[in-house]
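Both complexes below contain subunit A, partnered by subunit B and then by subunit C.
Entry: the complex of A and B
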């Protein structure tokens, strides 16, 4: 067991905030857990040295931090700084409630297997429970901000409960300064015929350590559409789990990672088709430059009863440098026969012919490279349902490419 | 007093030792003494014994792997007998009348000649039947070409330098738990050496080698194709072998020197256990080949037997422009479990690999493809294409895909795709409309599904493999 984990457990043991019962199971599990190593399948390509070495501390007092502004969008902001909830929206639309309370959903959607999920269970100081009442469509977007000051450690947890027929748009936004460390987990229950539009932006980079997950449980006819964009850092790991609990539900997951320097980004996407007639579509695209390392694991599990499932996963990667590394593992585990399942994965560099074509049209080689790699990513950005967010993120990605180009 | 006891003990040990050499099967159990005895029985040189003992010590430190998608009761390695000499004539069935009729029915369907049927069933036949002369002719022809093809135990005596140089060079002792066990206790297997620039005049097969009968369950095969040579090696036989042994942990090592080519084909049909999953063979095999510059290794396998299969024939593409291929059909039914696939390690420039895997699951079986494609930083311009298709027959089985793809070279191209489907109602309807009965229709569709792999097999093998699938699928259609 690592020293870091020991400290986390010691801290958890000392917390007295009335939520002890909610944490008890996770704490017991955590005390027994084996610290992941390269031999642990889920951490095969992702060393935890960055966590082990981290000097990030729990701060008594945190500076005031503001989340980044997005032009054309006014969010309902739920802001955590260094793991403490600092602000809630002053006024909430009808049918939407946010409370700090125990939730029966807590740690039921996120699977137990995540070590850091358990750490989050016991260390997240303020668990926010977001509820959308039956049939209510919340127009304004909710943004969950996880802001960290230099050298701080913080753990945040949000539970979102969409009752039947409701709809909600959520942005999970992480911003970290300096050598901070965070775990951020969100659990979503998407009720019958409910609709979730979800984004997770992990655009912090540098010597930041961030481990987290977004976990979804869908009931009958529920729909979710999620977009994840990540830059790497010392350690950036996101786990998503999509679990179908009702028939005819439908999930779409688009994810992008853009890595530079010595960054590491690891995305694990797990889909559990436990009931029949559900549909999953996953598109994951990544670019790894310089001496970065990208890890993707996409598992689709079709249970015995999940007949008539339609599940597709596509992972495409561009490897830009001799020192970079991409490890991908799309997995299918199928126990039902009347299903259509496919996955594909590719790793290559930019198509030489396309590059040549552009060059013959007078575009410089580096410009052509930029255009092609941007196009590769932009296909997924174009699919974001909220145009303002797509417009906001495009220049950020352009800057990222420019930065990668300079090296 | 103590002296007497010591003496008595020493004597007992001595006696035990001698009688053990004479007896046909060792008592179950594994310790250094058992290994010394195996080595002694085989009359091996000292270095070989040391090698085995070292492997045994390594093995003791290792843990049995549990990552494969299979489950079986824990193996008690002390309950296994590690040496079994060929059974004497008197223990064998006297004629085919004494052989399980179920087995004979299968032989008949495969169209296996009577003499071969007797051989496969282990009937005591005098050494004077047709195939002996066949074997002799083959031997002469091979000797003419300078090809060495003999049991590995014989090679240890006749060609110790070659064996010493290459044994364990591809699959090192420490490679994995079952390989280490094999290193310690292997009893026999094949040794092949093809000299420089030689094209082996015929397809080599363990089947032709009479003394391959009843070798121990820990086989060791070593094939060396020297510069510019070619060999096609066929392993196994298409008819089920009723083997009582529960555990098969074989190791196969291939070395393809510059410009050489090795084609290794396997049809594996060990006893799969009954419908309830009782009995059957655990087939835990390590197969790997090294390709030097411009060399090529091609693995083709048709796996229909064994209750549990754990097997990943792999290629280390060390030399520039080398090529690795893996074509596989794995069919599971009843309660069979297969976790099989390949590893392609691209080290050299412009190396190429192709993986075509077809998994068919029926009954209550589980069939998994597990593969690794690794592009090392030096694998400039390397290329891989992987296709894994699964076919499910019935709703009680499972089909799984676990591919690992790792790339560290931007100019390398890796493509992986996997699909899962079932025998569709449309296909069945079309066949039945034309008067094909359902069982035949399924077998036709499955054969079509596997065509890409079958065409890689040597002709006779391909025909038999087709028939084998047909037989294996019997009763799978509702």
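Entry: the complex of A and C
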């Protein structure tokens, strides 16, 4: 067992609060767990050296940090600094509540198999529970900010409960100042006919170490639309689980990663079609430059009873350097016989036909290559339902991309 | 045959695709302001001509020469041919999701202006031009924001090609079966767009399988391309003749070239 995990367990032993029962279970599991190595399938391409070597500490006092502004959007801000909840919205729209209380949903949507999920179970100091009342549509976006000061360690946890017929838009935003370490897990229960618009931005790079997950459970006719955008860092790992608990639910997941230098980014997406008539559409696109490494694992599990499932998983990658590495593994496990599923993964160079087309209009070959590479990921940004977020993140990605080209 | 007044001069052009000879001695001279129609059966090399002239990968020139305004076209990169004034309107324009039409058009126009030593347009100036061009080809302005040709219908793609032509102001436009897949109304919009761009300085090669487009875009010359070379040339009336007789006579009668031999 790693020293880092031993310290985490020791710290957990000393924490006392209202989540004790669930925490005791997670702690017991954690004490028994095998620290992931190269031989652990879920961590095969993602070494944990960065965690083991991290010197990030739990700070007694943290500086005041503000989340990045997004033009045209005024969020309901739920802000954590170094793992401590520092601010809640002063006024909440009717039907929306945020409480620091025990929730029966805690650790029920996030599967037990995630090692760092268990760590988060026992170390997240402030667990926020967001509830949207039945039939309420919250217009203003809720933003969960996970801000980390230089050298800090922090663990945050949010549980979101969308009651029947409600709707909510949530942005998960992580910003680290450097040499930080965080785990950030969120659990979403999306009730009957409820609607979740979700974003997870993991744009902190450098020596920030971040492991986390967004986990969703959908009931009948529920709809979710999620966009995940990540840069790599010393270690950036996101797990997402989508579980269908009611029929005719529908999930769309778009994810983008853009890696440079020696960065590492790892996305594991798991979808459990446990009931019939649900639809999943996943589009994952990444660009890896320099000597970076991207890992994608997309599993869709269609259970025996999940007839009439429609599921599509598409992972496309562009390699910009011959030292960059992409490890992609789509997994379709189908136990029902009347389903429509497709999956594919490609690692490719730029589309030659499109390149020629641009050149015939007088665009130089090098500029055309740039336009097409950016367009390749911009296509998914264009699909983000909230235009202000797309307009905010597009130039950030464009700038990073332009820098990558220079090298 | 060619003189100082010739815009495009193709001499004894032989070209192949995947080692299969497609063009087998193509000759064509075009003066500024002329409209030439190239007709012919499938597989004659009509589309290949456009691809070879524009410099598409995989289209190998085996022998012969092509000059545009006296410059050796075949020596140039694809983008330099465009900057020299060549424009190919595609039969099947490529969809490029993620690259907005407006951004694409601006970069294309800027690249060509830069090559001609002209100043770049401001975004506002360009937007005004682009909106104007949209109107002329009957495309909603919202199409500027969409990905290049993304989800456009066949007709919308063709109109987008004509819009690009209007913005780029080329010297020589090759329209590769621009009428294919268009209904009469859409064809008329496309033809009006083309006609509005006719000028004493600008020349056109209208590649088409059918005569009907030539009712709208009146050619000065009509050529029949068969088996990689021009087998018959005439004025606009030749197109009507072909419409009535089809191309069957090509197989049964000796061609002009063969008679000359």
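To be clear about the criterion, the second predicted complex is superposed on the first by the 392 of 407 C-alpha atoms of A that agree within 3 Å, B and C clash if a C-alpha of one lies under 4 Å from a C-alpha of the other, contacts with A are read in each partner's own complex, and residues count from 1 in each chain.
Quick note on the criterion: a contact is a pair of C-beta atoms (placed from the backbone, for glycine too) under 8 Å apart; a residue touches a chain by one contact, two chains touch by 3 or more.
Nothing here was measured: the structure is a model prediction, and the numbers come from that model.
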Which of the two partners, first being subunit B and second being subunit C, lies in contact with A:377: first, second, both, or neither?
second
Of the partners subunit B and subunit C, which touch A:365 in the superposed model: first, second, both, neither?
second
Applying the touch criterion given at the start, work out whether A:108 contacts subunit B, subunit C, both or neither, answering first, second, both or neither.
neither
Given the touch rule stated above, what does A:84 touch, subunit B (first), subunit C (second), both, or neither?
neither
Pick one for A:327: touches subunit B only (first), subunit C only (second), both, or neither.
first
Counting residues of subunit A touched by each of subunit B and subunit C, the higher count belongs to B
So, A:25: does it touch subunit B (first), subunit C (second), both, or neither?
neither
Is A:291 touching anything from subunit B or subunit C once the two structures are fitted on A? First, second, both or neither.
neither
Along subunit B, where are the residues that touch subunit A in the complex?
67, 69, 375, 377, 390, 392-422
Hey, which residues of subunit A end up touching subunit C in the complex?
352-354, 356-365, 367-368, 371-372, 374-382
So in the complex, which bits of subunit A are touching subunit B?
41, 45, 304, 307, 317, 319-349
Going by the contact rule at the top, pick out the subunit C residues touching subunit A in the complex.
54-57, 77-79, 81-83, 87-88, 90, 93-94, 96-99, 103-104, 107-108, 111-112, 115, 147, 164, 168
